[in-house]
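Below is one structure, written out as C-alpha cells; the observations come after it.
Here the chain labels run A, B, C, D, E and F in written order, and each chain numbers its own residues starting at 1.
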C-alpha cells in the first residue's frame, strides 16, 4: 500500500483538487492514476511534480510519444515497476505499437549491456568525443 | 587506460579485423572508436556485441535517431561516462539539435525523479495498468 | 518467498538465536523482521550485517532519525521494495512526520533528477570543488 | 567537456541571466557553478530545475543541512561524480563536519549493502510494514 | 502481467517455435520460462537474446555455475525480481549450495557497500591500478 | 581528490595504523591502496569495512578468485570507476586470465541486458521459481 494511502478527489484539499483538475483537463481524462493520489499526501511535491511534468512532456522538439518512450527507457533501467506499468499504458495510448515497444526495449537492453561493458573494460573517452555541438 | 589496452587495426587478428571492417562499412566511416578497440581483447564479445548492435540499431519501427536518444537516456541514468560521450556524438551526427538533446535530458531527469518518487511513496499499480496492448 | 525461507526463533541455531536476542534487546522489541529471518540462512552474514548495522545506526554525530532518512533515500534510489517498506516504518517509529517524509522524498526525487542531468550534460567538476574540508 | 560548453554570465541571454541572478541572490554568492552553466544551453531546463531546487532545498520540516546530506546519499548511490563533488562542498559550507560526513557515508554504504541483501535473499515484506502513518 | 502476455508454444509462430525448440534442446528441459514467453512478442529480440545467452553462458574459461553466480550478483545489484527468482533457481539446479549462495550474496552486499564508499569519499585511482594485464 | 585527502601510514593515528598493519599482514603486501587511505578519515568506517571485507573475502565455499570476479560484476553494474580499477588489478593478481575477464564481462553485460528486458516486458515470476532450496 502507498505509504500514506491514496487521496481520492472527494477527500482532497482545495490545493490538491486544483492539481487533480489540471491533470484531468490537460490529459483530457477523468482518471487520476495512483501516482498522483499517493504523492498528494505532500501537496507541494504533487504541485511541483505536476507542473514540471506538464511542461516537460508537452510537444516540443521531440513529440509526446518519443518522450513517453524515453520515460520507459529510464524506468526499465531503474527497475521501477509502477513507472513501467503506467508509462507502457501511456505509450500505447499515444500510439506505440508492439513493434515499436519491442524495438525500444531491445535498444534499452543493448544500452544497459554496453554501458556495463564500457565500464567493465574501463574504456577511455575518444578525443573526438570530448567536444560537441 | 582500458583494461587490456586498445587493439589497433594493424595489430588485430583476422577475426577482429573482420569486425572492424564491418563496423566501418556499416557506419560509412574509417574510424573505429575506443569501445570496440577495448573489447576486442575478447574477440567473441566484440563479435557478438557488434552483431547485436548492428541489428538493433538499424532502422525499423523506430528511426535511428530515436534509438540513439534512447541509448543516451539509459546512459545518463547509469552514469556511464564513455557511453554519454560516444552516444551524444552519435546523436549529433544523426541530426539531434541542441533543443532535442535539451528536451531529451529534461525527460530523463524527470523520469529519474518520478521513478524515485513512485518507489519512495510505495505506489501500487493501478488495476487498469495491469493489462496492455 | 525468501530464497531459503524464514528462520523462526524456535527453529534457530544457538548462533542465530544469539543475534536475534541482541536485535530484540537493542531495539527494545520482541519482533524480528523478515530481513533477519531470511538472511539467517547464512549465519555469518546475519551476524556481520547485524554487528555493522548496530554500530552504524547508533546515535553519533548524526541522530538515529536522520540516519533512517538517509537509509530511505538510498532505498528509494535503488528501488528496493523491502527496504522502503521496513525503513519507512522505522522512520515513522523514530518520529518522522508526514511532512518530513514528504520533504525527504522531494529531495530524493530532485537529487535523482539532477544526478541524471549532471551526467547527461557531461558537466566537468568545478576547480573549487576538487578540494575539501 | 560539458556537452554544449559552459555559458558564462556575460554571454547569457536575458532569460538565463535572470536565473543566474536569482541563484546568486538566493545563495548569497557571486559564484555560479558549472552545473548551471552547462544546463543553461537549454534555458527551460535551467529555469525549471532551479525553481524546483530552490523550493525543495529551502528550510522546512527538514533543515538545509539534512537535505544536503540526503542529496549526497543519493549521489553516492548513483556514482554521480559531479554531484558528489558539488554537494560535498555544499554540505561542508552548511556546517557538515568530518564526523557527520563519515557517519553519513557509513549509513549510505550499509544501506546499499542491505538493499542488495534484501533483494538477493528475495525477502518478502512483513505484513506489519504494509500499512503506515 | 507481462506487457504483451505470454506466448505459449502451441500459439507460437514458426520463428518463435524454432527458438523455443532450441532452448529446450540446449537446456535439456521441456519447460520454457516466462521470460522467453514474454519477449517472444518481439521475435527478433527473442532470437537475438537467446543466441547471445546461449553462447555466453556455455562452458568456457569460466564454468556454468560461476557464470550463473555472476548473473545473480548483477541481478541483486539491479533489484531485478524476476531475474533473482529465475537465476537463483538456475544456480541451485547447477549445484549451488546454501553456503555458496550465502557467500555470494555477502560479497555482493559488500561490493555494493564499498562501491558507495569509494564514490562517496571520492577516492582517486591509484597509479598502479591504471595499467593491467 | 578524495574528500578528506589520503592518510599516509606515518601520519595515521594508532587506531588507523592497526588496521593498516592488519591489511598489509593479511594481504602479504606493503602497499595500502587509496580506498583505505581515503576512508581512514573516519576510523570507525575504516575498521568496520576492513573487518567485514577480511571475513567475507576469505576462502570459503567460494574461492577468492570467484569472489573477486563477483566484486567486479557488481562494480561494472554500478559504474564505480575506482572499484573497477582496483578489483581488476585484484583479479589479475589472483590469477584471472584475459579470457576469464572477457567471459566475466560478457556475462555481466548480458545480465544487465536481460535485467532491463525482464523489467521492461514486466515478466511475472514463474510459479516454480517461487520456492527454492
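What we mean here is this: a contact is a pair of C-beta atoms (placed from the backbone, for glycine too) under 8 Å apart; a residue touches a chain by one contact, two chains touch by 3 or more.
Predicted model, so just to flag it, every value in this text is computed and none were measured.
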Chains in simultaneous contact with chain A and chain B: C, D, E, F
Chains shared as neighbours by chain B and chain E? A, C, D, F
After a C-alpha superposition of chain C on chain D, what does the rotation angle come to, in degrees rounded to the nearest 5? 180
When chain C touches chain F, do the two copies use mostly the same residue numbers, with over half shared, or different ones? same
Intercentroid distance (Cα basis), chain C paired with chain A, Å: 26
So the centre of each chain is just the mean of its C-alpha atoms; given that, what is the distance between chain E and chain F in Å? 20
Find every residue in chain F that makes contact with two or more other chains and list them. 1, 3-4, 39, 41, 44-45, 48-49, 52, 56, 74-75, 77-81, 85, 88, 98-99, 102-106, 108-110, 112-117, 119-122, 130, 132-133
List the residues on chain A that touch chain E in their complex, please. 79, 88, 98-99, 101-103, 105-106, 109, 116
Across the complex, what residues on chain C touch chain B? 72, 75-77, 79, 81, 84-85, 88, 104-105, 108-110, 112-117, 119-122
Using the touch definition from the top, list the residues of chain C that touch chain E in their complex. 3-4, 39, 41-42, 44-45, 48-49, 74, 78-81
Enumerate the contact residues on chain B facing chain E in the complex. 1, 3-5, 44, 48, 52, 55-56, 130-133
Where on chain C does chain D make contact in their complex? 1-4, 31, 33-35, 38-39, 41, 45, 49, 52-53, 56-57, 60-62, 66-67, 69-71, 73-75, 77-78, 80-83, 85-86, 88-89, 92, 97-100, 102-104, 106-108, 110-115, 117-126, 128-130, 132-133
